[in-house]
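Sending over a structure as structure tokens; questions will come in a sec.
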Amino acid sequence: MNAHTALAFAALAVLLALLSSAVSVFAVRTPRIVRTLALPLFGLAGLAALAAGLITLFQDGVSTATLPLGLPWLPSRVRLDALSGLFLGVIGVVSVAVGLYGPAYVRGFERGRDSLTALGGFAGLFLAGMLLVVLADDAFLFMVSWEVMSLSSYFLVAFQHENAANRRAAFLYLLMAHIGGLAILLGYGVLASFGGGFAFEAMRAAPLTSGWASVAFVLAFIGFGMKAGLVPLHAWLPEAHPVAPSHISALMSGVMLKVAVYGFIRFVFDLLGDVQWQWGVAVLVIGGASALIGVLAALLQTDLKRLLAYSSVENLGIIFIGLGLALVFLGTGHAPLGTLAFVAALYHVLNHALFKSLLFLGAGAILHSTHERDLEQMGGLLRRMPWTGLFFLLGCISISALPPFNGFVSEWLTFQAALQAWQLESGVLRSLIPIVSAVLALTGALVAATFVKVYGVAFLGQARSRHVRRARQVPFGMRAGQGWLAGLCLLFGVLPTAVIGVINDVPRQLLGAGLPQAAAHGWLWLTPVSPATASYSAPMVVMLLALLAAAALWSLRRGAVRRVRRCDPWDCGFAPPTPRMQYTATAFAQPIRQVFGLLFNIEESVGRREDGTLRYQLSIGDRTWGLFYAPVMRAVESASRRVVRLQSGNVRVYLGWTLATLVVLLWIIS
Amino acid sequence: MSITELPLLQQIVLVLAAIVLFTSFVLLAQARLVAAIHAFAWQGALVAAVTTVVAATGQTPHLYFSALLTLALKALLIPWMLHRLTRRLAIDRHVESLRRPALVIMAAVALVIFSYWLVLPIVQQELAYTRNIVAISLAVVLIGLLMMVFRQQAVAQVLGFMSMENGLFLAAVSATAGMPLVVELGVAFDVLVAMVLFGVFFFQIRDSIDSLNVDRLNRLTETTEEDVAGEGG
Amino acid sequence: MDHLLTAVAWGAALLQALLYAALAPLLVGWIRKLKSRLQNRRGAPVLQPYRDLRKLLLKEARVAHTASPLFRAAPYIVFVATWLAAATVPLVAVSLPTAAIADIIVLVGLLALARFFLALAGMDVGTAFGGMGASREMLVSALAEPAMLMAVFTLAMSAHSTNLASVIDYQLGAFALRPSFLFALGGLILVALAETGRIPVDNPATHLELTMIHEAMLLEYSGRHLALMEWAAQIKLLLYGALIANIFFPWGIARSFAPADLGIGLAAVMLKLFVLGAALALGETVLAKMRLFRAPAFLNLALLLALLGLLSQVILEVGT
Amino acid sequence: MIALLIVLLTPVAGALVLAVLRPLGPAGWLNVTVSTITFAAAAWLTWTVAASGEIAGYSFRVDDFNVYLVALTAFIGLTTSIFSRPYMRHVCETGLTRKRGMRIYHAMYQAFMFTMLLALTTDNLGVLWVAVEGATLATVLLVSLYRTPEAVEAAWKYFILCGVGIALALFGTVLTYFAAQHVIADPSAGLTWSTLYRHAGHLEPAVMRLAFVFLLVGYGTKVGLVPMHQWLPDAHSEGPTPMSAVLSGLLLNVALYAVVRLKMLVDGSLAASDAPHLAGYLLMGFGMVSFLVASLFLHRQRDIKRMFSYSSIEHMGLMTFAFGLGGPLATFGALLHMLVHSFTKSAIFVTVGHATHIAGTQRIDHIRGLIRTQPAVGWSLLIAVAAIAGFPPFGVFTSEFLLLTATMQAQPWLTVALLGGLAVAFAGLFRNLHPMVYGAAPEGQKPVRANMLPVAIHLALVLWLGLAIPGFLAQWLDRATELITGSHLL
């Protein structure tokens, strides 16, 4: 069981992914093959990736290999270290779930007119691209696989291209992915021109002046931040993620964004080497903004998948807050604290991959059985699809960072890291970091509100439309996919010490030190800094909760009072409530919309329909669009409008141009 | 150096070159098409003459041949073809006067000075007169181009094009005592084919826009939104 | 760690947890009594809450047709989560295992868990009021939680710990008159008012449909479910009381499990809560409930106070 | 040598035969056959050169640089002829042109191939000029083949602009000869490139500077450098599609080849002067301007073939910039880019040909839902455009990657302009492409009989080059690089 078995597994994963996309070609004739062969292969690829990741993490070795690809003087090399291993694991876990979930889900498309070849084929390529990004050891292979990832996911976004929303989203997505890719390329270029070569070793050795290092950092931050959907570069995300098929949305939100995080970590913490705390401040601010704006936007949505996409923006914001803290601490020479923040960020990477994929799969299940994405039409699904309801509830609890689930652990660690700010010398930082953590707290509370809204409106209450009332249980495969992720959510929440023990290899290899004291007091106690400072024992919390609940049940469910009588709702004795009397998602968000309104441009209008009934319209626009995107587009438009005057259509004018060019050139040279 | 120090033949070359330059001014200003064609023929003849003289001076016998070629092609064949075309196109009475002729002429003069200024740094030549010949022929070329810019009439544009070719010939023979024969033949062949094709195009253009005014050839453009030019197929 | 896990410690922890459950109704009864006195009413006896709980527990529970299983599970989760949260707050003695299991952030998390299920339960039956209550509750909590955490962070930054026991030890050890703590206290009191649904944010006594927040979520509950919900609310009130009392006025709290210390601690905390309750009653009589959309301003004040506390900690108390 | 003769003479013979061959079916097949023979001979020639170094004599010279272009030209000529056989028959059925037009088409196709190959293989600047002018003459009739007013107009503009440009190039050639006379004893060798290159150091800088400006403007017109590019979109959009494919895929390359050869001369002559890199700077300037302007043009297109001709301008600008930048890395990248661009662009034009037949028009806003109507065409268009836009794993990305790297080492700040241009061009391409390939198919669109084999071959090659550059090709390009820049890359 040496390091090369891990690499072998990784290679196997890539090959299986490619194979799954290859077999999908035959779906032109028999669409069934995607369900019966391609997606199972996809799941197997995920399994292999998971195995590779775990092996790497458990015996922290580094293994490399050379591929018969790449440029003549730069053969593509792959390298599997703890960081890659962790992200391989992330990719694997979600891919396994997708492999379980997909077959039943794509069945719905087999009667559709969109070719399943594209769906299966590009899904496989997508996975292969992500795996290779994580494995790449030189900028060329990295960029190639990075763009393969973007391109194939673009085709997946454009899969149901008959509705204009998908086309628009796909275009915006590809455009921004391309620009981001160029920025990353430029960043690598800076490193390469100093380090003399596009291999990562050369870049690690690059002797950068701090100025150029900052340039490279900014470029990388723009590029990877655009992929990670950080505000204000997030415009593509809420457009692209919802319109893709749900298992793809799960991959994009759950995994692809993490690959962007991987790229950022690889670039900044590994290649760039000695970090500067100013970068950390930038990352903190951007991360905080993303977290806040993301969650507020999510809270205001009524389209379930769009809401989840915005909440991805928020979670990536949290991850980058963690990374920013790490940068600040490392930059000011507090390595242990930096490690703590870093581990917190990695932990949240894992968690977000789990619960966001889980939630997207749940949304897919709803879509599958009700063909509905609009919250305002849902309701009462818990009683119609109990398993999905249960798993979705677990997902909501996890993402709302409530103990004892996994989301809470990573946020707790982030808070702990932030609370060590008192050790910093600079008073500015000491006051900035707590403010950021206050933003984090606000975010957490708003997330809870968001998912109370989602769950309460979608799964509780009564169905708001007929097709939702006819919803029924989804097939076993889809439930299994969700159950796998939900179980892991609970596991990661209850055994944080074990998880951190596994993650620890990453900082140990990357930053030279792990979190020795995290599990110093046995697996029961999570003590990131020291027991006196803070301690959390998730297992005991779970145990006590269970004990107390059992006690309460036991003591109260005895004797005559056990009986529960069913009756109509009371509702203060008003008329019997109808589904239309329920609080809608829009109504639920209204108070918060009032409070935080000025962050968005909101247009409300109350009018009357033909039949005299009131109709209420609400449109919520993203301010960043007007601030950052529109000007650029206008500039390009006007520039091209000016330039096309060259093509006036009169041949004499053209000749005039030739003459003028000639004369000017002659003038120049003599 | 002053012209008096030059041998007679070279003086003749200079004189002829000067007249060539003059003819291209005539071409530029000439309003009547037929007259312009005549002027072009004269220019061709002069170039041929220069070629002969240079052949007489130097020891490059093949220049006689190319002089003959030039005479046949530029002074006789092409003008004759243009004549026939104009007659068949019924534009031999066509008159097209330049807008703001004074300005154009001034521009041409400026070009002459410019081209002289350009060749000044050329110092290597033992005989400066070749350099001045280069200047003259450069001026002829540029004026030909200028003519194409300012004449809207297709035939006139072709005349401009051909006079550019004359300028090239002048440079070739007088400055460098003739290019290798292969090249000269190739060039001559190309010019001839070009002329034939021009003839073909005159008719095609007339058929499509029943005029030979190149300003009317403005369908293919990106500028305006509403016009749907450029969609052939 | 392990020194905490002795049987004695666990026993003490268990006792304290039971004490929370036992004392909570008393505090409420005391406040109600005092309020009605201040309003020139005789009011119900102090022990009335106990009677109400008993009555509710013995009644049969009614559940709406439209309710889902979650509706019946919620009361237990809410009660248990709140109770566990309370158990982690030192009431009589510090250095209890429960205090080590969960630090103050976990405390906030547990309360959030309770609130999460409370709000879901409110939306479950599908009535208009339930949704309204849930929506407002989430707004209030969304604004209160950061304020609370900021206040907590102020303490934690000075005490270098988020462990309640350590914070209290720190207070007892090196007590000083810190501006940051004053601000934090103010912020925490405002948060406590909002979180426990007291005037001026919410009115526990009203069932006037359009003004209620917490009660609106309980409308559909009856019998033991309602009892659990009410009890949880009372425990929450006591929890906040104990938090404020023991963090900012830690005197008298028992630092060992010697019976004498425990006795003193109990007496001390009773006294503190007595005073706090009186203050609360007084405040609720003189203040009026404000409109819902004034609540944000109220809570922003809390946030501002907490922030000022933090900044003054950073600026005025460097090196602490 | 024999291989070379076959390469050159086969097209001539083909042209002559096709000029008189009346029946249409055989003509198409004969065209394919002739191109096949040419390609085979070119392959043989390539093999000979790769095996036993450069071939020179009879004022011909085949070295690693131009043999690579010879092979490319012959290959594209072959695939395009395969595509054009059914395509032109379809055109004939639609009645856009008559039998006679088809005769002209086939004959001129081969004549064009001949001029291209001649221009590449000759060692004599004069003959080079003659060949390039001949290419203009051969293609100008093809542009006006359809006789629509637009076609005639396009042909006229093409003819006039390129004629003038070429005339200026001739003047430049004359000046070069003029400079050579006083260096090289034998006047007949005064235009032989290899001889000139040997004595480049002694050519008078002043004259060579003048000459280069004329040559650059002249051949640059053919390359389609802004602001002499105006003929290019017209000619591409109005001529028959196979012709657009060869124009974009070959003619521009050959013109650029000429420019590069002359740059080598001028660099040699200016090496000692005060502005040694003048030629390089001029090329960089022209290249950058063309690249940026063309990428902006892409945003306001209504005609699909015009759009892709602007994208050709953009890429030629990129290559010109790279050659101007000089240095082994940039040159290697430029050569590679020439290769992949020719493959991809001719594939695109082939696909566009089918697309226009499906929609019955070239107007972008009338071409809709190709994927629905004919998935093969829609997908290949989509993928080919992704490739030309520089997305991995296609070869265009590789070459652009090299160019960017080289730029970053030489002129870091120009990299920003390049990246901006790439992004703008990408947006321009896709904003027009999206509605064409995606969405529901309008009624009345029916699939056509399409031969996607050439497209498949080209895209497969481009994909291969993107994933890994085979060793022999790398060596070969590297030898060419050494020829141009005098230094190895590998």
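All chains are identified by letter, namely A, B, C and D, in their written order; residue positions are counted from 1 within each chain.
Here is the rule we go by: a contact is a pair of C-beta atoms (placed from the backbone, for glycine too) under 8 Å apart; a residue touches a chain by one contact, two chains touch by 3 or more.
Just so it is clear, the structure is predicted and the values come from calculations on it, not from any experiment.
> Taking each chain's centre as the mean of its C-alpha atoms, which one ends up farthest from the centre of subunit B?
Computed centres place C farthest from subunit B.
> Which of the chain pairs holds the record for C-beta pairs in contact?
Most contacting pair of chains: A-C.
> Based on Cα centres, what is the most central chain?
So the chain nearest the centre of the shown protein is A.
> Where the CA atoms of subunit A average out and where those of subunit C average out, how many Å apart are those spots?
35
> Suppose each chain is reduced to the average of its Cα coordinates; what separation in Å results between subunit B and subunit D?
Roughly 30 Å separates the two chain centres.
> How big is the gap, in whole Å, between where the Cα atoms of subunit C centre and where those of subunit D centre?
Those two chain centres are 78 Å apart.
> How many angstrom lie between the CA centroids of subunit A and subunit B, rounded to a whole number?
For subunit A versus subunit B, the centre distance works out to 69 Å.
> Where does subunit D touch two or more other chains at once, residue-wise?
156-157, 160, 164, 168, 206, 210, 233, 297, 300 - these are the residues of subunit D that touch more than one other chain.
> Two or more other chains touching the same residue: where does that happen in subunit C?
Nothing qualifies.
> When you check subunit B against every other chain, which residues touch at least two of them?
Residues 118, 121, 145, 148, 214, 217-220, 222, 229.
> Every touching chain pair, please?
A-B, A-C, A-D, B-D
> Inside the complex, what are the residues of subunit A that reach subunit D?
Against subunit D, subunit A makes touches at 68-73, 113, 115, 140, 143-148, 151, 158, 161-162, 164, 167, 170-171, 174-175, 178-179, 182-183, 185-186, 189-190, 192-193, 198, 636-637, 639-641, 643-644, 646-647, 651, 654-655, 657-658, 661-662, 665-666, 669-670.
> Show me the residue ranges of subunit C that touch subunit A in the complex, using the header's touch definition.
Touching subunit A from subunit C are residues 1-2, 57-66, 68-70, 72, 76-77, 79-81, 83-84, 87, 100-103, 105-106, 109-110, 112-113, 115-116, 119-120, 122-132, 134-136, 138-139, 141-146, 149-150, 153, 156-157, 160-163, 166, 207, 209, 219-220, 223-224, 228, 292-293, 296, 303, 306-307, 310-311, 314-315, 318.
> Sort out for me which residues of subunit B touch subunit A in the complex.
Going through subunit B, the ones touching subunit A are 111, 114, 117-118, 121, 142, 145-146, 148-152, 214-215, 217-223, 229.
> Would you pull the subunit A residues touching subunit B in the complex into a rising list?
644-645, 647-652, 655-656, 658-659, 662-663, 666, 670
> Per the contact definition, I'd like the list of subunit A residues that touch subunit C in the complex.
The touching residues are 379-380, 382-383, 393, 397, 400-403, 408, 412, 415-416, 419, 421-422, 427, 430-431, 434-435, 437-439, 441-442, 444-446, 448-449, 452-453, 455-457, 459-462, 521-522, 524-525, 527, 531-537, 540-541, 544-545, 548-549, 552-553, 556, 560-561, 563-572, 577, 579, 581-583, 587-592, 594-595.
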